[in-house]
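First the structure, then my questions, so here it is.
To keep things simple, chains are lettered A, B, C, D, E, F, G, H, I and J as they appear, and every chain counts its residues starting from 1.
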Amino acid sequence: MSSFRETLETFPNPQSGRDYQIEIVCPEFTSVCPKTGQPDFGVLTFTYTPEEKCVELKSLKLYLQQYRNEGIFYEAVTNRILDDLVGVLAPRWLQLAARFTPRGGITTTVTVEHRAE
Amino acid sequence: MSSFRETLETFPNPQSGRDYQIEIVCPEFTSVCPKTGQPDFGVLTFTYTPEEKCVELKSLKLYLQQYRNEGIFYEAVTNRILDDLVGVLAPRWLQLAARFTPRGGITTTVTVEHRAE
Amino acid sequence: MSSFRETLETFPNPQSGRDYQIEIVCPEFTSVCPKTGQPDFGVLTFTYTPEEKCVELKSLKLYLQQYRNEGIFYEAVTNRILDDLVGVLAPRWLQLAARFTPRGGITTTVTVEHRAE
Amino acid sequence: MSSFRETLETFPNPQSGRDYQIEIVCPEFTSVCPKTGQPDFGVLTFTYTPEEKCVELKSLKLYLQQYRNEGIFYEAVTNRILDDLVGVLAPRWLQLAARFTPRGGITTTVTVEHRAE
Amino acid sequence: MSSFRETLETFPNPQSGRDYQIEIVCPEFTSVCPKTGQPDFGVLTFTYTPEEKCVELKSLKLYLQQYRNEGIFYEAVTNRILDDLVGVLAPRWLQLAARFTPRGGITTTVTVEHRAE
Amino acid sequence: MSSFRETLETFPNPQSGRDYQIEIVCPEFTSVCPKTGQPDFGVLTFTYTPEEKCVELKSLKLYLQQYRNEGIFYEAVTNRILDDLVGVLAPRWLQLAARFTPRGGITTTVTVEHRAE
Amino acid sequence: MSSFRETLETFPNPQSGRDYQIEIVCPEFTSVCPKTGQPDFGVLTFTYTPEEKCVELKSLKLYLQQYRNEGIFYEAVTNRILDDLVGVLAPRWLQLAARFTPRGGITTTVTVEHRAE
Amino acid sequence: MSSFRETLETFPNPQSGRDYQIEIVCPEFTSVCPKTGQPDFGVLTFTYTPEEKCVELKSLKLYLQQYRNEGIFYEAVTNRILDDLVGVLAPRWLQLAARFTPRGGITTTVTVEHRAE
Amino acid sequence: MSSFRETLETFPNPQSGRDYQIEIVCPEFTSVCPKTGQPDFGVLTFTYTPEEKCVELKSLKLYLQQYRNEGIFYEAVTNRILDDLVGVLAPRWLQLAARFTPRGGITTTVTVEHRAE
Amino acid sequence: MSSFRETLETFPNPQSGRDYQIEIVCPEFTSVCPKTGQPDFGVLTFTYTPEEKCVELKSLKLYLQQYRNEGIFYEAVTNRILDDLVGVLAPRWLQLAARFTPRGGITTTVTVEHRAE
């Protein structure tokens, strides 16, 4: 479990009696490749239906900035961010699609989804 | 419940015997972030099937202008506007999609829906 | 019931033994706002399957021109035009979508449909 | 029944054991409005699955040119052309979509379909 | 000289020491054809460099609405509107391009220009 | 010299003291090929600066419709229409660009220009 | 059956244990019209799932070049090419869409499909 | 001269030996119409070649937010913002294009330019 | 000098007193590569100002079809066609641009021009 | 079985408890045609759901570079790469679409898919 998640703040869902959808696009994500030490860049798109909590946007931005000097694979970082948000929000449903910019001429997109049981 | 809704005016649905659809797009919505005091900007798209009342457009415009200096979260304002319209119109069905412009590099869209039982 | 409908002329459906579809797009509709007295502009799209009659296009044009100086709400004018066409044509099916140009920064589309029982 | 259809020539379907589709687009159709005597212009799109016969293209072109000075409504000409082609080809299926250029600011599309029983 | 021009209001150019450009697009212009009595529709684009006065937009809108039931040729109305604006504003430079929607399959654009000597 | 030109009507230039430009686009021109007897189709674009006369649009439409059953080459018809308009209007400047639809896989555009001396 | 097919070479499907799809687009097909002797031009798009054999591309190109001086109708050539490929490849599934360039202002597309039983 | 300009901060041009261009697009400008009290919305595009100073972006944002409740005409606000930036930056060249959203069906763009002598 | 040119027919320039321009686009040109024997495909664009003669289009089409089985380089064929047209038409000016489709991933365009002295 | 696959490296799927999707686009693939010795170029798009392993991207790049001087058919190389990835990753699902650039005017796309049983 990630210690980064302590940065994430929430506020009470203002309308928990009704299902609705929130989409958040973060085009400025950056981390570091664990093999080459080179910076990676990506666009993260979150879509979720809140249960009792919503994520506060500024804290999400600060949370994501913690990965700036973190060496981590695409697949790992996408799953870890999903896990942190699910841990903090306990949403009805949450999807994260991470599209990374080309490296060595190769472009990668990782898509992960959580659904409350 | 919001005192803003007193601004909303209605007129009788001219054809209540038939289901039909009204779409209203308001690209000039602005409110204020409750954390930073900075202005937020968004495009609101309403789609609804009226029951006995339709919303008068100029009153909707004036209603939305009341949020110009109001500090309120995206999720809260979207749900509150839906609640106010549902309270005044009692429509058969109403959806509100609010797409906000980027803040700190982050773009958010909130979509809420009401259906008469 | 609208007296304007007397302007509408029809001719016998040349092939009433077969279901087929007619689409008519009128981008030059104009009426007057009953609240402000200002002109409104819209694009009307009719789609229908005739039963025994087809609408004559020049008479449809003259019918629509009667609204040029008529003060009437979007929702009312869309339903009234549908009612007039249904009254004159008794079609198997008819849909009217009316997309009006922005007023006060707000764009409205009204969609109405009739189906013979 | 139209005497124009004598112009239409066919040739044996080279592969009648198999269902396949032929699409023919004729953007240069012109006839005359029976009310005003003014020329009309349209794009005809035929799509069909042949049974035992295919239409010869040059004869189709000459067939359509016979309407050049013919006064006839949109709905009538579209159905009549379909009837003539169905009469000559006896196809498994044939659709004709006729999109006419604007008249008095109004654009019309007529779509007719035949399916062998 | 046109009596319509009395509707036009101006306000002092806030920066008369400097040449700058104002573009105003009016897509909802309509008048009447003097030969057929049918409505005409057009898009007017004004571009000008003010001298001592700017045109007030609401008064321009009301000025143009006066042509709604006026029978006048394309070339005449374009020149007359230019004359009225030049008479009221005495601008350094003003161009008016009027693009009318198709009539009888024919599209017309009239472009007029005034330059102070 | 063409007898067709008698169809062309003019009206006095409403602003002969000033140079301005009129563009007229006619996408529905059709004539007949003198070699094959097959119909030709083209788009005519007129651009001119009037001297004392403007061409009346309905008469231009009727003038062009006279070519509907006329056998004439692309180059001849383009020059003849220019000559007729120059003869009737005596404009300061007039250009005619005629773009014909493909024949035998070949597309032709003829451009002719007249300037008053 | 066509003697042209002897030109077609195949190679063993490198992975016959698995269903997969091959799409081949040939934009430079040309043959001759059997009525007029004039050349025809078209774009052929093949899509297939191989069984035991794949078509070698250079041999397909040479096969298609044999039609360069062959007089044959659109419908016949499309079916004949399909038959030849089916005869040589015995594929699980094969579709051929042939889009020919305009002739006499008319554009034709023929689409044929084979599925192994 | 505007007191708002005190909000604007600058930093030294890092490359004053060379002419280069900076473009800044601000799509969230809003002020108030001095005639109707209704909010106006616009997109401001600044383009400039710095001399000794560049504008700091956060201070530009705060500077522009001061107009949120200011009643001012399009032409006046565009010139005033240009004057303030020229006063603070003393640039080699600066252009400001302000495109405002439609009001009463009319769209306005004001373009102002300053060049150092 | 090419014997193909005997195919080219001309007709008298209908307006030899005036300079005007004729553009002819032929997208279906094909010849054979003299090295590989493979077919080449290209788009030929002719632009010319006639002196006393114009080229007849059907004869131009037949002239170009003679190259269908001719082995000839891009540069040679482009110059030879220009020479033939100049020899037959003696135009005031003629340009030929030949754009060939890719071979081995390489696209070639040859442009030749003749001007009467 | 391919000896190239020894180059492929993997790392443990950081979230094997959950189904998610990884898309990798490699636009710089090149191999050699086994018949002509000419280079081929293609874009490879991998999409997969990992089981216990993910492919390391730099090793994938080096793996693909081994084909640079390898003579191999499109169908063979696409299947062989799929086989190598399936052998090394044992994924829940993997699809490879290989779109090759035109050769002799012909464009080919091969699409292969593996699903764990």
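Just so it is clear, a residue touches a chain if its C-beta (ideal position, glycine included) is under 8 Å from a C-beta of that chain, and two chains touch if they have at least 3 such contacts.
Owing to the predicted nature of the structure, the values given are computational and were not obtained by experimental measurement.
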{"item": "Path length in the contact graph (chain D to chain H, fewest steps)", "value": "2"}
{"item": "Pair of chains joined by more contacts [C-beta pairs], F-I or D-E", "value": "F-I"}
{"item": "Rounded Å distance between chain C and chain E, as computed from the means of their C-alpha atoms", "value": "31"}
{"item": "Computed distance of Cα centres, chain J from chain F, in Å", "value": "61"}
{"item": "Separation of mean Cα positions, chain E and chain B [Å, integer]", "value": "37"}
{"item": "Where chain C and chain H are represented by their mean Cα positions, the distance between them in whole Å", "value": "46"}
{"item": "Chain G: positions in contact with at least two other chains", "value": "27-28, 38, 41, 101, 103-105"}
{"item": "Chains grouped in pairs wherever the two touch, ordered by label", "value": "A-B, A-J, B-C, B-H, C-D, C-E, C-H, D-E, D-F, D-G, E-F, E-H, F-G, F-I, G-I, G-J, I-J"}
{"item": "In the complex, chain J residues that touch chain I", "value": "38, 41, 101-102, 104-105"}
{"item": "Footprint of chain I on chain G - complex, ascending", "value": "27-28, 30, 38-39, 41, 65, 68-69, 101"}
{"item": "Residues on chain A engaged by chain J in the complex (per definition of touch)", "value": "35-36, 73-76, 78-80, 83, 103-114"}
{"item": "Chain D-facing residues of chain C, complex", "value": "11, 13-15, 18, 20-28, 50, 54, 56-58, 60-61"}
